[in-house]
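Both of the next two complexes hold subunit A, though its partner changes from subunit B to subunit C.
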Partner chain A sequence: MKDFIRQLAGITGQEFVSAEPEERYIYSMDQGTMPPALPDAVVMPGSTQEVQQIMRLANRHKVPVVPMGGGLVLSGLTRALNGGIILDMKRMNRIIKVNPVSRHAVVEGGASEGMLQAYLKKHHPELKHSMPDAPPIATLAGNICIHGSGHLSVPGGFHSDMLTGMEVVLPTGDIVRTGSCSVSQDWFARAPLPDLSGLFLGWSGTTGIITKLGIKLFPSYAHNDLLVFVCEDADLMPDVISRLTGTQVAEDMTPWMTPKPEWARGFLHINISYGAHTKKELTFKRNLLQASVKKYSDRKIAGFLPMPPPQKSRFLKVPSADLVTFADIRKGGGFEYVGAIMSIEHFAEAYRAGLNIAKTHNVSYSMGARIIGAGHAMMFFYAYAFNRADQEDVKRAQHALEATNTAALEIGGIPWKAELPAQKQIIDKMDPGTFNLMNRIRSLMDPNHIMNPGNWEK
Partner chain B sequence: MPEIKFDRKLCSGCETVDCLMKCQYIKFTSIDDAKAEKLKINAGETSRVLNECLTCYACQEYCPYGNNPFYLLVEMQEKKGILPAPKPIVEEQLRMMRPKGRITARKVSSPVVNMCAFPMLSGNVRGKLFEGASVISGNDLFCNIMWLHFAKNSTIRERVPQMIENIMSFYLKDSGIEEMICFHDECYGTYTSVAEAFGIQVPFKPVHLFDYINRRLDQLSDRIKPVNEKIAYQRPCSNRLSPATDKVLDEIFTKIGAERVPRQYDRENALCCGGVPRAQQRDELADELVEKNISDMVSTGARYCVFNCPFCMATLGQEAAENGLMPVLVSDLVLIALGE
Partner chain C sequence: MLHEQILHRCFRCGYCKMPSNYTDLNCPPYLAFRFETYSPGGRMWLLKAWLEGKIQPGRRFAEIMFSCTACGNCTEHCPFPDFKNLLLEAFTAGREAFLDGGTAPAGVKDYLTRMQLHGNPYGLPAKKRADWAAGSDTESYSGQEYLFFAGDAGSYDTRGQEMARSAAGLLAKAGISFGVLKMGENSDGNDVRASGETALFEELAGKNTELFNRNNVKKIITLSPHSLNTFKKDYPGLGGNYQVFHYTQVLALNMGRLKFKENQEPVLVTCHDSCYLGRHNRDYFSPRMILSTVPGIKIAEMDRNRQNSLCCGGGGGNLYTDILPSGEESPARHRIREAKKTGAKIIAVSCPLCAIMLEDAVKSEGVADILRVMEISEIINDRLV
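Presenting the complex of A and B:
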């Protein structure tokens, strides 16, 4: 390994390789409940060519490689389960180009959500991209790879749906391009070609290293507003969501249910944000949203909270700071956020399952969802905060997470960015033909099985 | 609990039915039409007024006999289960504003200024104007008048006596103080008009902010530098419960050199800021009220848009600022005149 590390340093320079124990420790875990796994070394490449050389070297020596963006996935997907190296992409963080007319950007694989947001605000204030509610150092590539979602997921779908193409270094060191950039100089879409991008989306870093990607941008409005819908009956939620998304005017819809503060316990809220170029248009959109659920507000069983403009500013911040606040509720730095992707008609079931699990396992919880597309799906999340210094607390959260994954699968949902045990639960339920195809593809792309081993395995 | 103080005989003999005829939001075809609706309310029958009421408090002021028509209307709304706003909104607000039991006793000194449930505004109590003041605030002192907007007289009956007890036992009694300055019209209206109508005993003397400021300006007259500005005043709904204080406000404005410009929607003709209709899910009406208020203010050529109600300011302040008016609270305008 010493010789391998020396060769790594030959590629990136000594300052971007480390096998020091303190760095290996930091890279051994994330904030979630999965146990640490020490890498042998950490390397930070500065270019596609360096990534290519590293992959060729690792493939030759059969050394495991774990690609990492912001390291914020919370489900332990960037742990070196079989040792080897963590390939940290943060140095490759350039915003390469922005096409303001056809609204897309091309960025390097380590560019963060916050960097693109800041860049657009400065250079293209008329444009924005869909920000997740992760800390801004989360990378665009990482979030797209896990099928993340964000503040424009109602019009734009999953963040993986907003991908227009990629440059990827395969485990063998080959460089490939997917989408229009494989034919044209423009990164406008994945159509009309065979969609090879799917070979890298949802695979938990087991098929390649993304070095560049194209991402869709959207209009940034001069006027923005928010409605907060509230009701007491979870069974109403699928119809309410369907009606609200049916207006096609919301940018983001995030139901939330939390026992703290106490006044919110038992109520189901939906934050609905929308924007417009003019105030008149904004009012028109608000009226459409309100009219869509009038049958409930007329019966006085649900409605929109009255909020003066100053109170709304907190909710219009992108990314939202509320989840970060909740993440620290137990102190001690432990937080895991389990999402399950499912149909919106399962909302009430998912909510009740979450309440039962929190009660049974005595954990601090917050539940919510992000609506994807025009009600096509939702990412229903269960967030559990725990004190990492308290092993009992960690165990409680772990058991709650296991129960949550089981419940999500029983309901008909699929755990999102699944941690190792949840991956195994998914595989158990997966069509065998699908899993066989996954393995055949993986063997073809990664013959020495060096990419993030341990993931998506039985 | 005692009934609302209301004289049905006096009401049925009323010739003008001002309470309804002057209403800016519900239209009546004639005095007979209004009278018929009023008699229905008095008899405990269903009236369209119970459903259409904006809960702007104005009928309390319009009634020439001080007969509490608005409190009776709210009483009937609650008895008949007519919710002005959706139930989850009312229930959530009830929880949000409930007493928290987080109050601790302390000695206070005069003047004692009650900031009600707005501790975030305590910074407004400053300078020579409030020299030596003790500020008290928090949910355990919340005046609870807002429930008039939500058909919840029962909550007023339940919570107001507890708030009064908190004010006395945690602050005033042991400090030997008998007066409390109400920073907001809401609190003053609660401890005077509402308490009187609901039969709630108030063992301290509530003092309206305007009376306090007016008194204080006499003591600080040598410090006043007239602002010499035109101001548009947004009279809040709760000032309808103490209309005499609006005259005191005129004295204040005169003393600080602020010209209260005549507005179409001021004084008795004041228009709701637009906040409450949003709770009632009547956003298009709220938009109309905001627009009317702002264009009315702008048309006067005023520089400042002056509020005494923090909720009115939150509702209209941003829109006012976008239209070139400077939103400011009465107390802050006085501080400007005092050079602070």
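Presenting the complex of A and C:
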């Protein structure tokens, strides 16, 4: 391993390789409940060519490679389960180009959500991209890889749906391009070619290293507003969501249910953000949204919550620091959540399961969802904060997470960015032919099985 | 270790690595080294691991601890109220524990030794401290309204001495009544305190306090924002109660007394906020107020300004310990590249440490012909009748 690390230093420079105990310790875990797994070294490449050389070297020596973006996945996907190296991509954080006319950007594999947001605000204020609720240091590549979602997921779908193409270094060191950039100088779409991007989406870093990616951009409106719909009956939620998304005017729809603050306990809220180029257009959109659920507000069984401007501004802030604030509820620096992707008609079941699990396991919870597309799916999340210094509390959260994964699968959902035990639960439920194909693809792309081994395995 | 009960609360969300507008990384050691270990969260988790016996203090760990410039970006941007206010204190406590255990980088040990032996980080004789004022009209302190305190860089560094002469000269032109103590001053100790050497800090502060009190000092004008910070925040607890001002704060209120040349050539200036005037003491106004009153000067802000300002990398003793690398990834070189993007011809600074760090970076970046580092009073002096 010493010789291997020396050769790594020859690629990136000594300053960007470390096999010191400090880096090995910090990179052995994330903020979630998964136990640590020590890497042998951490390396930070500065270019696609360096990534290529690293992968060739690792492949030759059969050393495991775990790609890492912001390191904020929470479910332990960037742990070196079989040792090897962590490939921290954050040095490759350049915004390469923005096409303001056909609305897409090309960025490096370690570019952060926050930096793209800042770049667009400064250079293209008429444009924005879909920000997740993750802290702004999270990387675009990491979030897209895990099928993340964000503040434009109603019009744009999952963040992986907003991907227009990629440059990827394969485990063997080959550099490939997917989408239009494999044929044209423009990164406009994945169509009309065979969609090879899917080989790298949702695979938890087991198939390649993304070094560049294209991402769709959307109009940034001059006028923005928020409606908060509230009801007490979870069974109404699928129809309400379906009606609201049917208007096709919302940018983001996020139901939320939390026992704190006290005034929110027992109610189901839906934050609906929307924007417009003019005030007249904004009013028109607001009217459409309100009219879509008039059936319920007329019966006084649900309605829109009056929202003071400061609170509205807080809700409209992107990214919102509210999730991070919730993470601190136990004053313990620990936070993890199960985000289960499922159909919206399972909303009530998912909600009741969450309440039941929180009560059974005596954990602090927050539940919510993000609506994807025109009600095509939702990411229903169960968030648990825990005290990292209290091992009993960590265990409680861990058990609650396991129970939540099980419940999500029973309902018909699929745990998102699943941690190792949840991956195994998914595999158990998966069509055997699908899992067999996954394995055949992996063997073909990664003959020495060096990419994030341990993940998506029985 | 002091504050060890808060270490586990850091979630490592990473807000501390960036400014509030997310334009770039903004934690100097993280920017320079890029490993998670060098981020505030990495430091917190490592300290906790050390206290739990999971990791041993060594060369690398010490470098991680002492590379922090105490710039306060983490405190500014951490989303957790109350907890955030203790971040820097926890790092200082960690460094103190490292010093107590004998595990500190050689550069830090040398720096602290010079401080202990000579009362300044340059290892120069105390009697040379007021040499910067030699040949000028600066009066000895004898009960004037203010004591002017030049600090370490202003007293011993060639560039710092130029700044001290310029600032003192301008204060005199503005009719401010002040004098300097020609003997007996020691380092203000601000960066010694930040490095965790509490006992030495108290010794330095004690000597200064005794000297100031003996001379019946009531008001102090400091050249360095580092001096301002510790005089205001730490000295009162050690018996030193003074009204303390940075020289830009006094000048900002007296600009009307200065007469400027007419028909000045317009010049674009960008303002680099010092961490200890800005984030630590919340004054982003005085330097800008001064510059905005000067005919011909137009301010072009960098993306990271005011509470988002990027530290030059010289704080926490790093100017003297050289723990942060001086290559392309050094914070000062990042800062110069950012300043260059504004199109400004001058980067205005209000701290001698910033001036020294950024001037080196201007040379390393090869932009000395298009971008000049000037201290605020130098900019003003150039344009006075």
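Just so we're on the same page, the second predicted complex is superposed on the first by the 456 of 458 C-alpha atoms of A that agree within 3 Å, B and C clash if a C-alpha of one lies under 4 Å from a C-alpha of the other, contacts with A are read in each partner's own complex, and residues count from 1 in each chain.
Just so it is clear, contacts are C-beta pairs under 8 Å (C-beta built on N, C-alpha and C of every residue); 3 or more make two chains touch, one makes a residue touch a chain.
Remember, predicted model here, so these are calculated numbers, not experimental data.
A.B. asks: Should the superposition on subunit A be reported as showing a clash between subunit B and subunit C, or a fit?
C.D. replies: Partners fit side by side after overlay.
A.B. asks: For A:P21, select first, second, both or neither according to whether it touches subunit B, subunit C, the two together, or no partner.
C.D. replies: Only subunit C is touched by A:P21; subunit B is not.
A.B. asks: Identify the partner contact of A:I137: answer first if only subunit B is touched, second if only subunit C is, both if each is, neither if none is.
C.D. replies: In the superposition, A:I137 touches subunit C alone.
A.B. asks: Once chain A of both complexes is superposed, is A:Q117 in touch with subunit B (first), subunit C (second), both, or neither?
C.D. replies: Second partner only, subunit C.
A.B. asks: With both complexes overlaid on chain A, does A:V230 touch subunit B (first), subunit C (second), both or neither?
C.D. replies: first
A.B. asks: Contact-wise, after the overlay, does A:S297 reach subunit B, subunit C, both or neither (first, second, both, neither)?
C.D. replies: It touches subunit B, and subunit C stays clear.
A.B. asks: Who touches more of subunit A, subunit B or subunit C?
C.D. replies: Greater contact footprint in residues on subunit A: C.
A.B. asks: For the superposed model, what is the least distance in angstrom between any CA atom of subunit B and any CA atom of subunit C?
C.D. replies: Taking the overlay as described at the top, subunit B lies 17 Å from subunit C at its nearest C-alpha.
A.B. asks: So in the complex, which bits of subunit C are touching subunit A?
C.D. replies: 8-15, 17-18, 21-24, 33-37, 42, 45-46, 49, 54-56, 58, 60-61, 64, 79-80, 83, 303, 325
A.B. asks: Which of the residues in subunit A come into contact with subunit C in the complex?
C.D. replies: Where subunit A meets subunit C, its residues are 15-16, 18, 20-23, 25-27, 31, 42, 44, 70-72, 88, 90-91, 112, 114-115, 117-119, 121-122, 135-138, 321, 324-325, 327-328, 331-335, 387-389.
A.B. asks: State the interface residues of subunit B toward subunit A in the complex, per the touch definition above.
C.D. replies: The touching residues are 83, 85-89, 91-92, 95-96, 98, 275-276, 278-279, 281, 283-284, 287, 311, 314-315, 317-319.
A.B. asks: Across the complex, what residues on subunit A touch subunit B?
C.D. replies: 230-232, 261-264, 267, 283, 286-287, 290, 296-297, 300-311
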